[in-house]
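What follows is a single structure, written as structure tokens, with notes after it.
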């Protein structure tokens, strides 16, 4: 929508008043929603900020989780997310390149594209089930970072393919044609004339997928996350602790629930900050690169 | 996708003549080109295989349930009690009802609020206000579900217990409200997209006739976008029905058919999450959970595919 | 001395820093067809869209000067834009029917302006379609989708849609540019009929069309009115050299 609605006259007709009033009415649920978002964030920070400290972030839990910190959780979350991206980013981006640049424009390709997007909407617990069946038992990876990481990677994969493919398809055909007309091979045209311009979009997609993966609990529940480990994970086959699961157990499973509640708030804040950080970076990135898209008039 | 984005392959030999250093370089370039193509093709095939594999796996494991218990009992049984001594029952109905009811409550909240919000965002808000509102909505969409579940546990449950004079706030209502909040961003974004795809010329024609923005929005834009809006509702449904952690933490965890908003319930998702750790690997119980997962997968996939086609249909309706 | 329905007085318009209309001053007489002609990009459409304040919808527009319709300025605080747009109808360059049935397209205007009950609206629809020379062609398929009509029919539909709210003034923005010669001829015939009851202003870059269809003609170039006079006289004895150059095809 390009401009503002008609400028009001001093003697507003009933019609105009009704129109504006209507929009104000519609805006109420939206305003309430925004207010809730602000309230929720404020509530969490207010209740957990007392627990936050350098020691909280860098020490392991102690005394049955009623004291100490969440360092192993941070490590575990970072590791498992990293593993998932190592798996899903290359496969995802390369698949997206294939779909956008090489696949013929026929029914099969359209079906694949549609399926990929639909798979992005499959519940995360289903991936968890699959992870148990395939990675934990069939591939004998056991409960481990690797199993959880691969499970999360599977969950990521459709998201990354979908966003990367969109970013690549958005590049005008004329870019490719110009390169080919000068005698470039197809791959050279893609590498020099398409990917650099699609890169911001692809990166934004990856960052958003990363942010979402950080907070996921269901896929890791039965593939490797654990309540407590004495030491940090030593290898890819170790069990691990993770922020979302830690929050879950502190909130629901601990025998001294009320006592550890502040720690739960602290964990919630740390998790939220991680997620929002990556989201914010992705947004800023998207805004900045949208501004410099000279070919998008 | 426009065909022009897909140029033809480079083929043939370069013209003879003054190109000089051409040949070995060209062979290398062509080899790289071929390899790149193969690499991408293989990855894409891998993706397709993986994604199909999930479907197959779930089906394979799920079907094993029915070696011990009849399909009919699964699909139509009203008792889910896999650990019952002697006579375990695997009826999916209470879980389906739980999923369905929580999603219903969620949509009752999220659909009106979401569509209203999207209309305001798309047809009225401009500039930095619009960007801020959209960003906040999208940021909320990224809130981990455990955090929301935690909120439901710590704030919403006591609130419900106090306001409605019930012993526990961990129930259908709590889960429904939270799921509604979680679906709101989806419904808002997809509806906003659907409204913005409506050609501006429709609005212009209406304004030129002396219509107010409200009339234009409701009489012209909204009806034109109805397929897209329906898609938004379906995607919101998919989001709500697939949510696990929130339900796990606030829905009360009882595999019964509820008689009121304040009864505890289980959904398909929370059942899988709770029982997968408890069931013995390879037992009927274990396989039954996969059968549940398969049902969930079908529901989610089906909803998404329909939503996709609705969005495509809306886009096509403007290119007559 | 002819009357003036629309008096445009020293109208200036900027899109941001772009000075698009410069001191435009002339008077549009009632019950006649006035053509605004000129080379592409000289501001004709912008001028037209200012008369019904459609330019308000574009961010960054700035206007000085005045447009007075029947003695009242359209920019006054007391002017209601909604009412203005009911009195001043517009047909766009590219036909833009609503994605509804033929009947619903025409009924939309009267409905939102609450011009009567169901029977009234039915009458208005028929009257409008007859006035637009479209009734005979669509009377048996009023509930078909508007997009099933041909381009020329769609344009007449959009005209009928304007007429259904009983405007006094009709603004036509290059209405025939998307149409084939036959449809164009029928549209021009319609325009000639309409001037009996309405004040018609038509923008065109096709000077033959201006010569055929209009009584008065304003020649606009680079945002300035070069000449304004009766069509017959402008085409036979143009006063300004630029007008003569345009008419003889020295630039388009």
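To keep things simple, chains are lettered A, B and C as they appear, and every chain counts its residues starting from 1.
The working rule: a residue touches a chain if its C-beta (ideal position, glycine included) is under 8 Å from a C-beta of that chain, and two chains touch if they have at least 3 such contacts.
What you are looking at is a predicted structure, and each value in this text was computed from that prediction instead of being measured.
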Of A-C and A-B, pair with higher C-beta contact tally: A-B
Chain whose Cα mean lies nearest the overall Cα mean: B
Label of the chain whose CA centroid is most distant from the centroid of subunit A: C
Distance from subunit C to subunit B - Cα centre to Cα centre, in angstrom: 48
Mean-CA-position distance for subunit B and subunit A (Å): 14
Cα-centroid distance, subunit A relative to subunit C, in whole angstrom: 52
Subunit B residues counted as touching two or more neighbouring chains: 126, 207, 212, 215
Residues within subunit C bordering two or more other chains: 57, 59, 82-83, 85
Touching two or more other chains - residue numbers and ranges from subunit A: 2, 4-6, 15-16
Complex contacts: residues of subunit A adjacent to subunit B: 1-2, 4-6, 15-16, 18-20, 22-23, 26-30, 32-34, 36-37, 40, 43-44, 90-92, 94-95, 97-105, 112, 114-130, 132-134, 137, 154, 157-158, 161, 169, 171-174, 176-177, 180, 183-191, 208, 211-212, 214-218, 221-222, 244-245, 247-248, 251-252, 261, 264, 268, 271-272, 275-276, 279-280, 283
For the subunit B and subunit A complex, residues of the former touching the latter: 1-10, 14, 29-30, 32-33, 36-37, 39-41, 43-44, 46-48, 50-51, 53-54, 57-58, 61, 112-113, 116-117, 119-124, 126, 133, 135-140, 142-147, 149-151, 153-155, 181, 184, 188, 196, 200, 203, 207, 212-215, 235, 238-239, 241-245, 248-249, 269, 272-273, 276-277, 281, 289-290, 293, 296-297, 300-301, 303-305, 308-309
Subunit C residues within the subunit B interface of the complex: 52, 54, 57, 59, 82-86, 89-90, 92, 94, 96-100, 108-109, 112-113, 147, 158, 161-162, 165
Sites on subunit B touched by subunit C in the complex: 126, 199, 201-202, 204-212, 215, 219-220, 223-224, 317-318, 320
Contact set on subunit C toward subunit A in their complex: 53, 56-59, 61, 76-83, 85
